[in-house]
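Paired with subunit B in one complex and with subunit C in the other, subunit A is shared by the two complexes that follow.
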Partner chain A sequence: MNQLYKKKLKQSDLYKHGHFSFVVSLLLATILLVNSYQFTTQTWQLSLFLIAVAYLFVTIFQLVLNLRTRRDILKYGNIQRKTRLLTAFQLGSLLVGNVFTATYAFRALQDDGEIEYTFAYYMFLADFLIIAVTSFNLFKPYVTNYFIPVVFSLAVLLLLDVIVLIWLARSKSVSRKSTRLVRLLPYLFMVTSLTGNVFRFILGYSLLLKQGKRDPANSERWQLFWIKLTKRFTAMIGLLFVIFTFSLSITSFTTFVTRFAVANDYTVLLTEPSLVYPFGTDNFGRDVFSRIVFGARISLIIGMLTTLIPMIIGGFLGAISGFFHRSLDQAIMRVLDVLYAIPGILLAIAIIAAFGSSTLNLIIALSVGSIPMYARTMRANILMIAHLDFIEAARALGESEWKILFKHAIPNGFAPMIVRATLTIGTAVIATSSLSFLGLGVEPHVPEWGNVLRIGSQYLETEPYLAIFPGLAIILLVLSFNFLGDGLRDALDPKIN
Partner chain B sequence: MKKLSLLFFVVMVLLLGCVNTESDVQGDEPEQTPDETNIERPTIEILGTSTGEDDLNILRDQLTNNGFEVELNIQPDYGSFTTQRDAGNYDLALSSWTTVTGNPDYAVRSLFTSDGDNSLFADQQADELVNLASTQLAEEYQETYKDLEQHIVFDQAYIAPLYISYKAQGVNDTIINEETVRLPKSRAAVWEAVDFNDASLRDSQPLLVHQAIGSLTSLDPIKGNDGSINTLNTNIYVRLVNLTDDDQVVSDGSLSLNHVIAEGNQDYYFLLRDDIYFAAIEEDGVVNTEDRVGAEDVQFSLNRAKDRNSVPDHRTYSLHESMDNIEIVSDLSELEDAVTINGDSVKEALEVGLDQDITELTTSKDDANNANGIYQAVKITTVNPFPQVLNYLAHQSAGIVSQQQVESVNTFDVEDYNVDEDIAYGDQRTVTEDSGFDNTLYASGPYILVSKNDYEAHFVKNPGYRAGTDGEPNINEVIVKFIQEPESALSALRNNEIHILNGVAENRYDTVIEDESLTLQQNESNGVTYLAFNMEGREVSTNVALRQAILHSINQDEFISFYQGNKMPAVSTVSPLVNTGLTLEADSERVQELLREAAE
Partner chain C sequence: MLENLNQNKLIKGYRIVNQHPLLNWLQCLLGLPIFLIGYSYFLYMRKKISYSAQLQDKVAQLHHSKQYEQLLTKYAQQYKHKQHYFNRRVEQTKQDAFARAQANQQIRKLAEAELSKQKVQFMSFTTFFEQLLANRNFVILSFVLGFLIYSLYFIYQNAFVRFVFERFIMTLFVIVSVIVIVFTILYISPSDSAANILGESATLDQRLAFNKQYGLDQPYFVQLWRAISGFLRFDLGHSFTGNEVILTSIANRFPVTLILAITSLFLAVCVAVPIGMVSAAKLNSFWDYSFMFLALIGLSIPSFWQGLIFILTFSIRANWLPSSYSPNNLFSLIMPILVLGTGLAAAITRMTRSSILEVMHEDYMVTAKAKGLSGREAFLGHALRNAWIPILTVIGLQFGVMLGGAAVTEKVFNIRGLGSYIVDKQFIPDIPAILAGVVYIAIAISVVNLIVDLLYAILNPRIRAQLKNN
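Showing the complex of A and B:
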C-alpha cells in the first residue's frame, strides 16, 4: 500500500506544480528582498520591502500546503478536504501578482475537475492581469477617452469570469445541464474573446463541442489534447503570458495614451520608477512602461508574421517537393539549400542595408531566412506520410494528386510545423529586437522592445532599470513561447497518443 | 450575489469617475495642428547619421508638434550620409561644423560663400558681407557678422541652428598630472606639455591617448584637414604661431619668438627661434638630423600651402589663399623702418622679452645664432588687409615641413600623379607596419610618428626640439590608440588602457566625475550643430516661408535640457566666436502663420 502511495506521489502533477510554484516564489521573494535593500545607503526601500515580505509569506504558505499534500497522499492516497479548503487562501497570492501559486491554488481546489474549469481559471487570470496592468494608468495625469468604458467592460467580464468559474467548479459535468442560457454562453464567450483573451474563445469552443451534436470523436480529440497540454503547467503559464501579451496589445489601443510612449517630455528625463512611471522614464522623458506595452504589439505582430510567412511559403514548397516528382524535389531543395547556407541574421542585415529600414522590410528580411527550415520539416513529414495506406486508398479512389496533398497529406503532417513555429516565434522576436538594437530595425522613436532596450543599454550603469524591464519583457515572451512549444510537442506527439 | 455586484458597480463608478481623460486635458492646450485651417501637413525629410539619432528624434518631435509630417533618413555612417546628401535625398540635413582655426572668417567662408569648399547656398549679399568682415578687426566685424546672421538665418533661413557643444576631456589623474593637460577650444592636444605625476616614468612609460579614426588622410599637413590627422600633424609639425586655450594667437610653443602686425593689417613679421631641428626615422630609431628648422623651410612650406597645384589632392589651399608673398627679411633696417599699429618700430616689438637684441639678420638658417644676436625673420604680406591670417597660420595645415626632404620625396609631376605608383610625402603607407615602404617623415614638431597599424600609432619625441629648454617634450613616447566606438573608448579610459580621452559624451560626464581616478575637464568648443536646407530641387529650396516655419519650430531649450545643460544656444557657425546678440526663439504661432503663407 505504502509503495503504491509513494508512486502516486511521484506521479502527482499537482504536487509537482506545487513544488515548482514554491521554488519560483522563493526565488522571486529573494530577488525582491535583495533589491529592496540599498547597499550604498544601507537603507530599506519600504514599498518593495513590503512586497517582498508578502511574497515570502506566500512562499511559506505554499511550503505548508506542499507538506500537507505530501502527507495526505502518503497517508490516505488522495488530498484531504481540509487541505483543499486551506488551499483556497492561496488564491489571495494573486493580489501580489504571483500567478504560479495562484494557478496551483485553482488547480488544487478542483483537481479532478473538467477541462473547462481549467480554461475558466486561466481566462480569469488573464483578465485579472490585464486589468491590473491597465489600472496603473490611473496614476497618470490623464487617461484615454475610452479608458473608463473599456476598463468598466473588462471589469464586468472579470465578474462574469468569477461567476462562470464558481458555476464550473460546483457542477461536475457541464454537458448535462442544458438551459437556454447555457446554450447561449459559448457564443457570448466567443464574441467577448475579441479583447484578445483567447482562453475565453477556447472555453466557448469547448462548451460548444460538448453541447453540439457533432462528431463526438472530434470533441474527444480536443479534450485529450488539452488534458495533455494542461498537465504541463509550464506550458500553460507560457500560454497565459502569450495570451496576456496578446490581449494587452489589443486593449492598449483604447486604454493606453500613445503620447506617453512616443512624445518627448523634457521635464521628466530619466526619472526613477514610481507609481506614475512604473518602469521609469527614458532619456527623452517617455514612459518606459507605456513603451513596453506598445512594444508588445510590434514584437508580437512582427514575431507572428515572420513565422507565418515562411511557414506558408516554406510549408508549400516542402509539401510539393516531398509529394511530387523527384526532379522537382531536387530543384526546390537545392535552391533552398543555397538559401540555407547564408546565415539568417546576415541575410536580414543585407536586405535591410539594401532596401532601407522599415517595418515591412524587416518582416521580409526576417521571413526569407527561415523558409528553408520550414520546407525541410514539411518535406520530411510528407515523405513519411506519402507512403501510408490512407494516401494509397485515396489514390485508388481516383482523387486528384493536389486534392490528396491538401486534404490528406498536409493536415496529417502539420503538427510538427506548429511545434516548430511556436519554438521559432521566440527566435523571431529576438531577431526583431536584435536588429532594432543594432539600429537596423524599425525607426528609433517607435516603441519596439529592441529600441527600448538599446536606449537602456546606454544607461546600464546609472539607470539600469531602463534596460532591465525591456530585457525582462523579451526574455519572458521568448521563454513563454518556448515552454508552450515544448508542451505542444508533447501534446501533439502521435507516439504518446 | 446581487449585493456583491451592486457594490462592485458602485466602487467602479466612484473610482473611475474622478479620472481626467485625454480630451479633458487637451482642452487646456492650444490646438497645435493646423488641421482646422485646412492646410495640408508639409512632409519634411530629415537626413542624418545614426550618431545624431537623439537630435533627429527631438527634431521629429518638435516638427510633428508644429504640424509637419516628418520622415527620418538615418544612415549608419558618414560615408553613406554624404552619398545620400550628394544625391539630394533630403529636405534638411543634420550637420555640424567646428571652426578649428578659432577665427570667424573660417566659420563662414567655407559654408556661406558661393564658392566655398562646402558651400551650402549661393547668395550675393552673403558673399559681400563675408568679404567685408574679413578685412575688419574684432571691434568692427561684430556688426557685419550680425548682419550676415540676420540675412542667412532669419531673413532667408538657409540654415537652422541647433546648439553649440562643449568639449570635455577625461584624464586619469592617478597617472597623469592633470594640470599639465590642456583642453584648448580650437587647437589640437598639446602633447609636449603633458607630464606624469611621477617624473621618473617619463622615459620608461608611454603616454596613452586616443583617437577615433585610424585611417590617416595624409601626414603632409596641407593634404588633410579632418579628425584623422589634425591632432597628429599638430604634434608632428611646428607652426609660426599657436592658439591659446581661448583662441588668442600667440608665439608660445611655436617656431617664432615673437610676431608683429605692421600698420595697415597687411604685413606680418615673425622672428624665428634657432633651437628646433628636424627629426627623422632611421633604422636605429629616431635621430636628430641637425638640420635646423629655418626661414627657408617656412617660406617653402607656406608657398606650397597657398598654391593649389603644389601637391596632388591639396585640401587646404583655400585657408591660405589670403597670403600674397612670403619673404625672408635680410635687411635689418626694414624692421627698424616698419611701424606697428601702436607706433613702435617692428624691430622693437619683435625684441620684447628677448635676452639678446637683434644685431644681424641672416637668410641662411645654418648661420642663425640667437645667443649672438643673429636671427632669421619672415615677412608675410596678404592680398587684402586680413588680420585673421594669423589664425590660419596657427592651423595644422600651416605646419613647417623640410624643404629638402619634401622635394626629395615628391619627385613626381603633380599633373601626372598616380596614386598607385607615386608615394607622396606624408602618405600613410610610409608609416604603416609591414608595408614595405621607408618612413620618410621629417618632423619639425615635438614628436615624430614612428609607425602605425590598425590599432595604434607609435610616436617618439623629437630629440632636436628645443632640447634642454622648457619647451622640450616631457614624455619620451606617445601611443595613440584607435578606438572608434565612444563607449569602448570610455571603457578604455576607465581600465587604464588610455590616459586621456578627448570627447566624453554628454550623458557620460557623471561616469567620469564619479570615477575616483578620473578628472573631467570642460571647455567651450567651436562646434556648432545645425540643419542645412536642401537648396536644390525641393519644396524647401524655393519656399522661404516654409524654411522659416521650420526654423521657428526649433526649440533650442529642449535640446539643451535633453543634454542636461551641456549645450549652448547657437544662431550660426560664428556664434561661438562672435557674440552678435541675436537669438533664435521657438514660436508656434509664428510657425502657423508662416505655414499658411507657405501654402499660398
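Showing the complex of A and C:
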C-alpha cells in the first residue's frame, strides 16, 4: 500500500505543480530581496522590500502546503479536506501577482474537476491581471475617456468569472444541467471574449460542444487535447501570459493614453520608477511602462505575421514538393537549401539594406528567412503521410491529386507545423527586437520593445531599469511561447496519441 | 579473368556512373575524346572480329577434327543401345540423322566454350570499353585526354569518396547560389547608391562617374559574373565609402568573429552535453526540471539584453571584467563568449536530452540490458554513442544561427568583427561590403556544415553501412 502511495505521489501533477511554484516563488523572492537592498548606499528600498517579504511569506506558505500534500498522499492516498481548505488561503497570493502559487491553489481546490473549471480559473486570472495592470493608469495625471466604462465592464466580467468559477467548482458535471440560462452562457462567453481573453472563448466553445448535439467524437478529441495540455502547468502558464499580452494589446486601445507613450515631456526626463511611472521615463520623458504595453501589440503582430507568412508559403512549397514528382521536389528543396545557408538575421540585414528599414520590410525580411524551415517540416510530414492507406483510398475513389493533398494530406500532417510555429514565434520576437536594437527594422520612434531597450541601453550606467524592464517583457513573452510550444508538442505528439 | 575485371576500380566506377542518367551525360561530356577514340576503335574491331563469323569458323574447324568422328560414333552407339532396350529395329538412316544432329549441337557448344576461353564473346560497346579500361597501356596512353573522366570513375567507385565529392559539389553550388541571391537582392534595391554616397549635392556627371568607377552602369549579368568571379579570385574590389580594399577589411575582422564563434561553440558543447546527459539519466528529477527550465530560459533570452545585463553586473557594478572588447585583453572576450554560447548551449542541452531519451527506448538497448550490461555500461556504450548523431546535426545548424547572432553580440560589446562590419555598412548602404560580409559568413557556415556532414557519415554506423552496400 505504501509503495502504491509513493508511486501516486511521484505521478501527482498537482504535487509537481506545487513544487515548481515553490521553487519559482523562492527564486522571485530572492531576486526581489537582493534588488531591494542598495549595495552602494547600504539601505533598503521599502516598497520593494515589502513586496519581497510578501513573496517570501507566500513561498513559505507554499512549502507548508507542499509538505501537507505530501504527507496526505503518503498517508491516505489522497489530499485531505483540511489541506484543501488551507489551500484556499493561497489564493491570496494573487494580490502580489504570483500566478504560479495562485494557479496551484485553484488547481488544488478542485483537483478532479472538469476541464471547464481549469479554463474558468485561467480566464479569471487573465481578467484579473488585465485589470491589475490597467489600474496603474489611475496614478497618472489623467486617463482616457473610455477608461472608466471599460474598466467597469472588465470588472463586471471578472465578477461573472467568479460566479462561473464557483458554479463550475460546485457542480460535478456540466452537461446535466441545461436550464435556459446555461444554454445561453457559451454565446455570452464567445461574444465577451472580444476583450482578447481567449480563455473565455475556449470555455464557451467547450461548453457548447458539451451541450450541443454535435459529433461526440469531435468533443472527445477536444477534451483529450486540453486534458493533455492542462496537465503541463508550465504550458498553461505560458498560454496565460500570451493571452494576457494579447488581451492587453486589445484593451490598451481604450484604457491607455497614447500620449504618454509617444509624446515627449521634457518636465520628467529620466525619472526613477514610481507609481505614476512604474518603469520610469526615458530620455524624452516618455512613460516606459506605457511604451512597453503599446510595444506588446507591435511585437505580437510582427511575431505572428513573421510566423504566419512563412508557414503558409513554406508549408505550401513543402507540401507540393513532398507530394508530387521527384524532380519538382529536388528543384524546390535545392533552392530552399540555398536560403537555409544564409542566417536569418544576415538575410534580413541584406534585405533591409536593399529596401530601406521599415516595419513592412522587416516583416518580409524575417519571413523569407524562415520559409525553408517550414517547408522542410511540411515536406517531411507529407512524405510520411503520402504512403498511408487513407491517401491510397482517396485516390482509389477517384479524387483529384490536389484535392487529396489539401483535404487529406495537409490536415493530417499539420500538427508538427503548429508546434514549430509556436516555438518559432518566440524566435521571431527575439529577431525583431534584435534588429530594432541594431537600429534596423521598426522605425525608431515606434514603441517597439527593441527600440525601448536601445534607448535604455544608452543609460545603462545611471538608469539601468530602462533597459531591464523591456528586456524582461521580451523574455517573458518568448519564454511563454516556448513553454506553450513544448506543451503543444507533447499534447499533439502522434506517438502518445 | 572476370574476377579481375570486377576488381578494377575504373571499371567499377564506370559501371556505377552508367547507371545514373545525369552522370551518364556528364561522362559523355567530360570524356568526349576518349569515347570518340574508343568508339571508332570498337567499330573497327567489330567488323574485323565479328562474333558470329568467328563462331562459324570454329565450328567448321571442329567438323574436320577427330573429335567430330568420335562424337558421331558415340551417338550412333547410344541410338543402338536405346533401340535395343526397347526391342525395336535399328534403322540406319534414322541412326545417322540422330548422331549427326547430336554431334552438331555438341560441337557448337564446344566452339562457344573455346571462344569464351579466348575471351571472344558477343560484345557491346560497354563491355568493349570496360576491356579498354582494364588495359593498362590504353589508360596510360589516354591519360592526358581522359584525366577528368578517369578521376570521375575513381571517385564513384568508392561510396565514401563519392559521398564526400557530392557533398563538396553541393557546398560549391550553395555558395555560388548565395552569391547570386544576395547580389540580386542588393541589385534590385530601389535606392541609388551614387546618390546615397555622394549626397544630394552631387551633379549628374559625378554620379555617372561613380557608377562607371564601380561598374554599376553595366548590365545585371556582367555585374553578377564579376561578383562571382571576384569571390573565386579573392578580389572583391573596393568599398563605396573610404575606398578601402574589402578583402583586407574582412581579413582583419573575420578572425575575431571566428574565434568568438568557435570558442563559444566549444564551450557550449562542453557544458551542454554533460548537462543533457545528466538530465536524461535522471529523468523527471529535480535536476532534470531545473536544467530544462534553465535551458528554456537560455533559449528565450535575447542576446543583446543578456549582454547588457552582464555588462551591468560584471563591469559596472562589480567591475570585474571590461565592458568592451580590446584585442590585447583576453578577459574582455569572456562575456561575449558566454553571451554567444548561451543560446547554443540551451539548444544542445535540449537536443542531447531528447535524443538520448529516444535512443533509450530502442530495441538494442533492451538487448544490451538482456545481455547483462549494467545500466551505466549500456548508457555509456550504446545510448551515448548513438545519441551523438542528432546532437551533431543541431551543432551544425546552430553554428549558422550563432554566426548570424554574432552581429548583435559584437555590437553590444563593441567588437570590430565581421558581424558589426555588416551592420555598420548597411546603414550607408555599402553594397559590395555587405555582399562580401554576408557571403563570407555563409561560406563559413557551409564549410562547417560540410564538416558536420562528413563527421556524420563517419560516425553514423547506419550511413556507413548504407555507403558500403552501395
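General observations
One rule holds for everything that comes next: the second predicted complex is superposed on the first by the 497 of 497 C-alpha atoms of A that agree within 3 Å, B and C clash if a C-alpha of one lies under 4 Å from a C-alpha of the other, contacts with A are read in each partner's own complex, and residues count from 1 in each chain.
Note that contacts are C-beta pairs under 8 Å (C-beta built on N, C-alpha and C of every residue); 3 or more make two chains touch, one makes a residue touch a chain.
Just so it is clear, the model here is predicted, and its values are computed rather than measured.
With both complexes placed on chain A, subunit A has more residues touched by C than by the other of subunit B and subunit C. Once the two complexes are overlaid on the shared chain, A:Asn145 sits against subunit B while remaining clear of subunit C. Applying the stated contact rule after C-alpha superposition, one finds that A:Ala467 touches subunit C and leaves subunit B untouched. Once chain A of one complex is fitted onto chain A of the other, the partner contacts of A:Ile352 are limited to subunit C, with no touch recorded for subunit B. In the superposed pair of complexes, A:Val338 makes contact with subunit C only, with no contact to subunit B.
Contact with both subunit B and subunit C is seen for A:Gly439 once the two complexes are overlaid on the shared chain. When the two structures are aligned on the shared chain, A:Leu360 is found in touch with neither subunit B nor subunit C. Shared contact residues of subunit A, touching subunit B in one structure and subunit C in the other: 353, 439, 461.
On the side of subunit B, the complex with subunit A involves touching residues 1, 5, 8, 12, 15-16, 19-25, 50, 53-54, 56-58, 60-61, 65, 72, 74, 76, 487, 507, 510-511, 558, 561-562, 564. Residue ranges of subunit C in contact with subunit A, taken from their complex: 170, 173-175, 177-178, 181-182, 185-186, 188-191, 289-290, 296-297, 299-305, 308-309, 311-312, 316-317, 400-401, 403-405, 407-408, 411-412, 422-423, 425-427, 429, 431, 434-435, 437-438, 441-442, 445-446, 449.
In the complex of the two chains, the subunit A residues touching subunit C come out as 20, 23, 39, 334-335, 337-339, 341-347, 349-356, 426, 430, 433-434, 437-440, 453, 457, 460-461, 464, 467-468, 471, 474-475, 478-479, 482-483, 486. In the complex of the two chains, the subunit A residues touching subunit B come out as 138, 141-145, 147-148, 151-152, 155, 159, 163, 257, 259, 263-264, 266-267, 269, 283-284, 353, 357, 439, 443-445, 458-459, 461-462.
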